[in-house]
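Below are the structure tokens for one structure; questions will follow.
By letter and in written order, the chains are A, B and C; residue numbering begins at 1 in each of them.
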């Protein structure tokens, strides 16, 4: 009984914190049909400031960091991204009413990372006084790019496979070796194309720019006088927007199979566990901090809301956006943000904070 | 002679303060034909931040407030809103060249509240070190909604009355009881509709969201690190915009009857007196502060510039926007803002600050 | 050898400072084809805040300044603007492939002032602890307006001259005295028109508004709580935008004569020297500070990026924007910003800081 009350108090306590309460506030506004909205250009600018802040902070930490201590977590991040997509593609393919290509696009978004969710987790750890490596922001692109590239390559290969099967059944003769070589060639080109596109996307380039400036320049003064102090406030506005966005995307999910609802609700927790597990290994290998393990779990649990959807639309035009955006922005993102306290609790249990 | 000089010094002193000087600066820019403008999305965002700030501050105060001490001022606020519309509708109907429906729409906007004017008054009281109840922001919706609902209901009833008169003179037989019942039914539906629309309007929902988060969550950290410090600066930008807007709206007034100019110049002062009087009663009944009385007078003197006009356009499409927007934004708002020092002076005289 | 290393260290040190590193970061982003962009309304708002800040600061200083100490630097600023245009028009006219009117428009932009470059220099002097007169911002319009008016008057006179020559060769009889009188009349009207247009342009009116409020009102509180603290951070964003803009404008230069590349690369240095020289005279006459001399050189070296191009387009519609915008925004602005440390070094050498 006492435990139940403790849990209840903790959950209520977390929900009252700025990050989660503004997210819920945004969902409430949308649910009640409010015409409140944050103008699109302002939203974009808030995201830019947030990504620059995360990048700058990570860059300044990388500058002073032992590079070896970075390698293992970066590897863990990339592995997590690939594992989530591989697992998600299989899981979704077995569910009713999910086309292969839609499943791959959805798994790709869930493997990619949400900057806002990561920022929300950082703000919550800061508020709770839980330490984490400053370079964590630098892990973002490893997981994000690994997941997007894996999903798009799988998607393109599957589309090509279908096309060549159709061609074969039309009576065309194909030579195994030749096709294989061509496929391999196409894939290298394809991977390069996706890598370049992803690196050039607004979100990833803002983050990498911040990283580069943090490592190579001396932005410390402007970081401390501008980016750092505005961070929490702008995050509260962003959470409002994401809450409203999540609610309005939910309606799109009605148009597609129920399987997406199931996946959107459970996948963030499974993915978070994968990230947590790989982070735990890094903890034992290199002394990666408990806060870092939490943030790796949050990155894994999160799904891409800014850079992912346009990448998917461009790279897999056959996939249905109602399915993958509905599942990720409508369910994946709020579940991921709301489950941040879970990973803190788990890290406290397993590692001790 | 000495008194005249004192008054002159005081007025000059007030006009030099950031709030009023930026308002006058904006009017000057527009008068001189400057092409300076603040982009629309930024303007909208500044208003959102300002309303969230007022709401959050009020909410956090309501959380700690004795609820009984809130009831009387809230009642005074609602009564003020209704009284202004009732009075304004009659006054405008007697003036030359004012149609009944235009008069109601205009009175409705003058009864509703301007968030920017209220914020300007709060900033000026803060600068002068005059205390007021933290929950004042929570009174805003009471006056605003009471005024808008009264105006629209009166407008719709008058339109229906005209329509049924026309119908009768066309030879149609109507049964008194039946029509009355229908009108009553329509009115309940109508009031519900306006209430819902007003609550869903961007301005009121931002304010109510802030209130709800202030009461139910713990936004104190983000309030003190972001919303509160940015308030004065963003208000200075907003005053610039409102000054320019006021000047450019003045030209629209030329298209309509002179009666609107008379009303726009004098109504804020009469309305402020009504608010001041009802606030004074609350002061004697519940110890409502002198600063609170000033702010109630300012709310009464102010006319709606953000949420009001679209509500009127939707609810009373027959009314002429040049008349009601010209009178409220072109004259009512600057007169209300410029008369803030008057209420401070009056409160000092009557109550003592 | 030691000297070379010292210079290398100093240059590297300067390039690592926020202002220059964000500028280079923006150029890198554009060069790598990033899709990163700061929304237009936000960009405009940042420029407004920056100009208000510079204006307010200058105005508050003018309020307390000995007016006589202002006259000489203001004269130096205006003379610099006229000299740059006179020199540039002649120099460009001698270069291959440059039409007379394009040369005048380009020289006009290079004579006008860039608020962002000036702001960048102020931030760099502040960071290095180098003092300068607070009223420097008030010199901006003197140089800017002098240069724009000179360029447009020269341009219009040349166009009229060409037109009247054509008319004469067509066999029309013209009377010297009469035409001269008309030309003189047209010029007075023309100068008045350009003056009014320039004063009404968004950039100049924001600056003058700030100046007027700084002189006549008491914006000190809001200046210190809002405009001043946000300045460095917003400037870093602006430098990003200008770097991206500069890179993308470079491609436009390929469409026009190579002469513009030569001019764009060297003119800022020559112009800076002119400003430095006239500033040095003011230093000896009135004790104008070394920091002030640096800022006058930077203003002279800078070319207009915000208010200039639209003024030129309106006043000299025959001129080719690819030429003058490409040369000024693509080359002039980055060269001017990157050469700021040069003027600091020179001032240290000649005056001693």
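Throughout what follows, contacts are C-beta pairs under 8 Å (C-beta built on N, C-alpha and C of every residue); 3 or more make two chains touch, one makes a residue touch a chain.
Per UniProt, the chains are A, B, C = Sodium-dependent bicarbonate transport family permease.
Please read all numbers here as calculations on a predicted model, not as lab measurements.
Asks: By how many degrees does chain B turn when fitted onto chain C using C-alpha atoms, rounded in steps of 5?
Replies: 120
Asks: Note whether the interface between chain A and chain C is symmetric in residue numbering, meaning over half of all numbers used appear on both sides, and answer same or different.
Replies: Comparing the two copies, chain A and chain C contact each other through largely different residue numbers, since under half are shared.
Asks: Any idea how many Å lie between the Cα centroids of chain A and chain C?
Replies: Computed value for the inter-centroid distance: 44 Å.
Asks: For chain A, write out the residues touching at least two other chains, lowest number first.
Replies: 39-42, 230
Asks: Given the complex with chain C, which residues does chain B contribute to the contact?
Replies: Residue positions touching the partner: 15-18, 21-22, 25, 28-29, 32-42, 127, 229-230, 232-234, 236-237, 240.
Asks: Going by the contact rule at the top, pick out the chain B residues touching chain A in the complex.
Replies: Within the complex, chain B touches chain A at residues 39-42, 44-45, 48-49, 196, 199-202, 205-206, 209, 212-213, 216-219, 221-222, 225-227, 230.
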